[in-house]
Amino acid sequence: MTLRLLLTMAFAMAAMAAKDTCVECHTALGGELQAPVTAFAGDVHKRAGFSCADCHGGDRNSDDYEVSMSKGRGYLGKISRTDVPKLCARCHSDAALIHKFKPQQRVDQLAQYVTSVHGKRLAAGDTAVANCVDCHSVHDIRDVKDPLAPVYPTRVVETCTRCHADAAHMAKYKLPTNQRDEYRASVHWEALSKRKDLSAPTCASCHGNHGAAPPQVASVAAVCGTCHALQQDLYNNSPHKPAFDAMGVAGCVACHSNHAVHAPSEALLAGDKALCSQCHDADSAGGKTAAEMHTQLQSLADSLTRSNDIVARARRAGMEVSEAAMRLADGQERLVKARVAVHNFRTAAVAAPVKEGLAIAAETHRAGQDALAERDFRRVGLGVSLAAIFLTMAGLWLAIRSVEAKPPGSQTAGSDQP
Amino acid sequence: MTNGRRSLIRWLLGGGIFSSIASFLYPVTRFIMPPNVPEAAVNEVVAGKVQMLQPNAAAIVKFGNKPVLLIRASETEWKALTAVCTHLNCTVQYKDDTHQIWCACHNGFYDLGGKVLSGPPPKPLEEFVVRIRGDEVVITRGA
Amino acid sequence: MATPAPGWFDERLGLSSIRKFVAHKTVPSHSGTMWYYFGGITLFLFVIQVVTGVLLLLYYRPTTSEAFESVQFIMTRVKFGWLIRSVHSWSANLMILAAFVHMFSVVFLHAYRRPREMAWFSGIGLLALAMAFGFSGYLLPWNTISYFATKVGTDMAASVPMIGPYMARFLRGGEDVGGATLTRFFGFHVAVLPGITTLLLLMHLGLVQRFGISSPPKLEGKRIAQMPFFPNFFLRELMAWYAALALLGVLAAIFPWELGEKADPFASAPAGIRPEWYFLAPFYTLKLIPSHIWVLEGELVGFAGFALLAAFWATLPLWATDRDGMLRARRVTGAGILLLAYYSTFSILGYWR
C-alpha cells in the first residue's frame, strides 16, 4: 500500500518536476556507466513514465550523488540475480498497478516462474539460471508485440538458445545443446521464418514461458494437440495410444521427434525410411496396415501430381483452366485429410478421403486433357485458316502478276520505275 | 497469258477467298449461338431449399467457384462465410457443439461472424449475406 | 414492278459513277508505295474491331460484379469466345501500331502538305480516338492490372493543373475508380467513341478521295508512274489485309490474351503496373521527371511539355512551310525522326523498368 502510494507519488513528481539526476549524470559519465541510460531510451517502462530510481531506488531529485545514491534514500545499486524476479513482481504481480497501464496484462508471471525449472533452481541458490532480465533484457525491455523484443516470436529461439545451445553453460545440467539446430530444421521454424507465420510454435509454445518446463510424456499429445487437435483426437482413439502409454513413450514424439519436426510424408509408412517397420514386421497386421495406407496415400499423391502437371501444361499453353485448378485445391485438401487420418492407424479412415481425392484427380486430369485437346484443336483450326489465307494470298499474287503483265495501256506511259 | 493460267488464278483466288471467309465465319456463327451452360449468376447464389439444413447444422456450398460455409444457426438465423481458413487455406467446418467455426488443420476457431477466437488464423473470415426468399436460401456478397 | 435488271440498281445507286471514279483512281507508284498500304491496314483492323466488338457485346456485362465473370464466361464457355476476345485485343494493338506507321509515313513522305492539311488534322484526331478506345477498353475486363492501370491513368489526369480534378471526376464518375467508372468507360467505348470515330473516319476517307494520294515532293516535277487503284493497288492492299489476318490469327491462337485476376479495389497495387504499350513513353517520362524543377512542380512541367508537344505535332502542316509556301522538308523530317526516336526508346525503357 505504501509502496503503491510511493510509486504513484514518485510518478506524479517526476511528471511535474521532470528532473532526473540519474539520467543527467549517467549521460555525462560515458562508457559502461552511460550504457543503461542509452538502452533505456527504447524501454517500454520509460514510455510508461518510469525511470532508474523506480527499480534501483535512490533519489532522482538530488544533484549530489552521495545523497541520491545513499542507503537513506533507498538506493539499492546493482540488483542481485536472486532478487530480480521479486523486484519485477513488485509491480508485475500488482494487478491494480499494472492494469493502469495495460488492462489485459496478466499478473501471474512470478507465480508461474517459481514453478519453472529456472525458478526452482534460482530458489535453490543457482544464479546461472534464467531470470526475468535474461529473456526480456535489462534496460531495453520491450513489449512482447515489439518486433525488437527478444521475446518476439521470431527471436524467441535465439533468446532461449543463448544459454541452451551453449555447451559450457549446459554441462552442469547435463542438458543437450542441439535443440536450436534441430528446431531450425523443423517445419515450425520454416513456417515462422519463411512464411512469417507468427502463430507457428517456438520454444515457449510447448515449454511455456514463465513456467518453462519440459512437457512430460503424458502431456506431449496435449501440447501438440493445441494446434493439431484432429491428430490428437485420432491418435487418442487409435490402437497406438494404449500401446505407447504402456511403453512410456510420448505418442507424437515417437514418430515426429520433438524439436526436429520434419514435414511428414508417405515415406514414414513404408520403404527404407519407414518408421512403422521399426516395430512392425512387414507380414504382421500392423505392417500390412502401414503398407496399405502407404499405397493409398501414394496413389492419391501421384494422381494429383499427374493432374497438376497436365493442368499446369494447359495453363502455360494459354488455356483457361481456373476451374480445374480450383478442383485440384479440393483434391489436395483430400490428400491432407487422408494424411491426417493416418493418425487413427486404421486403413478404413484413410480410404474414405483417398477415394474422394482420386475422383477429383481423375476429373481434373480429364479437364486438363480436354484443355490440351482444345489447344490442339485451336492449332489445327489456325492451320486450316492460315492455309486458306495463304491460298488466297498466292492467288492474289498471281492475279497481280497477271494484271501487271498486261501490255501498257491502263498504266501511264513512260514509267521509269519497275 | 494462257487460259490455263487464268483459270488457275481464278481457282486459287475463288477457292482461297471462299475457304478463308468460311474459316472466319465458322467461329463467328458458333460464337453467336449461346452455350448450353447457363451463365452462373455470381452475385447471387441459390444455395438450396430451407429444408436442406436442420437448425444447428451447416453445409459447404459453391459461390461461383469459391466454397462457402452455410450455417443454419437456429430456426431462423442463417450465416454464410467463406469456407477457406485465413491461415493456410484449409476448409473450415461448423462445430455444432460449441456453435463455432473450426479449422481442423491447426485448431483455429472463429465465431459465427467470422471473427478469430483462437488459434493461428491471422484474419477473420469474409461474411456473406443470406436471405430467405420463399423457401429458397439465397447467398449474396456482402456490401 | 420494275425488273431488277443490271441497270436497275445502277440507276438507283449511281453505281456507274462509282465505277467510273474507281476506274480512274490511281496511286503513285514509286519506292515508297508500300507505305500507302498502312492506312488501309488500319481501316481493315478497325473493321475487325467493330465486328469482334459487336460480338463481344452479346455476352459482356458492364458491372463490377459481372464484368470479369462475363469475360471469363466468354473465354471458357462460349464457343470460340477465346478467339473473338483475343482477336479483339490483339487487333486493337495492331491497329494502333498500324496507325503509328501510317502517321510517320505521312510525315516522312510529306503527304500533309497543302491541300491535305485537314486530312492530317482528322488523322491526328483519329489517333487520339484510337488511344481513347484503348484506354477505355483496357478497363472493361475488370482485372487487377487494368483496374490499377486505370487508377494510375486517371490519377495522372487529376494532377493536371486547374482542370485536372474535374477531368478525373468526369472520367471516373466519382472520387475513385469503381463501378461508376466501368459504366462510363463502357459507354465511351461502345457508343461515344464509335460515333465520333465514324464521323471523323468518313471525313478522313472522303478527303483522301477528294485530293487523291499524295506523292513525295522529291519526285515533284518528274513524271511519276501511276498504278491503277483497281485492280492493281486493290489486290495488293487485299494481300496486306490477308497478311494482317494471318498475323492476327497466329497471335490470337498461340498467345491468347490473358484474363488475369479479378480486380480487388481493396488489395494493394501489384508490382509492375504498366499501361498499354502506346502510353508507356509518356508514362515513363512522367516517372523520370523530378518532383520539382526550379520553382515549378515536376508533373506540371511534364504535362505542359506533353501539351506543347501534342499541339506542336498536331499542327505540323501549319509550320511545315515557310511564308512563301516552301516546304521545310528537312526540319519536318528531323522533327519526325526525333519524335520517333523519343517515343520508341522511352517505350522500350518504360517496358523494361
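Chains here go by letter, A, B and C, matching the order in which they are written, and residues are numbered from 1 within each.
The rule is simple: a residue touches a chain if its C-beta (ideal position, glycine included) is under 8 Å from a C-beta of that chain, and two chains touch if they have at least 3 such contacts.
Computed from a predicted structure; not experimentally measured.
K.L.:
Have a look at B-C versus A-B and report the one with more C-beta pairs in contact.
P.N.:
Higher contact count goes to A-B.
K.L.:
Specify the chain with the shortest distance from its C-alpha centroid to the centroid of every protein C-alpha atom present.
P.N.:
Given all protein C-alpha atoms shown, the central chain works out to be B.
K.L.:
What is the distance in Å between the mean C-alpha positions of chain A and chain C?
P.N.:
The computed centroid separation for chain A versus chain C comes out at 53 Å.
K.L.:
How many angstrom between the C-alpha centroids of chain B and chain A?
P.N.:
It comes to 32 Å between the two C-alpha centres.
K.L.:
Counting only Cα atoms for the centres, state how far chain B is from chain C in Å.
P.N.:
Chain B and chain C have C-alpha centres separated by 37 Å.
K.L.:
If you look at chain B, which of its residues touch at least two other chains?
P.N.:
20, 24, 27
K.L.:
Please set out, as single numbers or ranges, the residues of chain C touching at least two other chains.
P.N.:
83, 242, 245, in rising order.
K.L.:
Note the residues in chain A that touch 2 or more other chains, in rising order.
P.N.:
Residues 322-323, 381, 385, 389-390, 392-393, 396, 399 of chain A each touch two or more of the other chains.
K.L.:
Considering only the defined contacts, which chain C positions touch chain A in the complex?
P.N.:
It comes out as residues 26, 29-31, 72, 75-76, 82-83, 222-223, 225-228, 231-232, 235-236, 238-239, 242-243, 245-246, 249-250, 253-256, 258-259.
K.L.:
Considering only the defined contacts, which chain C positions touch chain B in the complex?
P.N.:
Chain C reaches chain B through residues 51, 55, 58-59, 65-66, 69-70, 73, 77-81, 83-84, 242, 245.
K.L.:
Across the complex, what residues on chain A touch chain C?
P.N.:
So the residues of chain A in touch with chain C come to 318-320, 322-323, 378-379, 381-382, 385-386, 389-390, 392-393, 396-397, 399-400, 403-404, 410-412, 414-417.
K.L.:
Going by the contact rule at the top, pick out the chain B residues touching chain A in the complex.
P.N.:
Touching chain A from chain B are residues 1, 5-6, 8-9, 11-17, 19-20, 22-24, 27, 65, 87, 89-91, 104-107, 119-122.
K.L.:
Applying the document's contact rule, which stretches of chain B touch chain C when the two form their complex?
P.N.:
Listed in rising order, the residues of chain B that touch chain C are 20, 24, 27-28, 30-35, 37, 39-40, 42-43, 64, 141.
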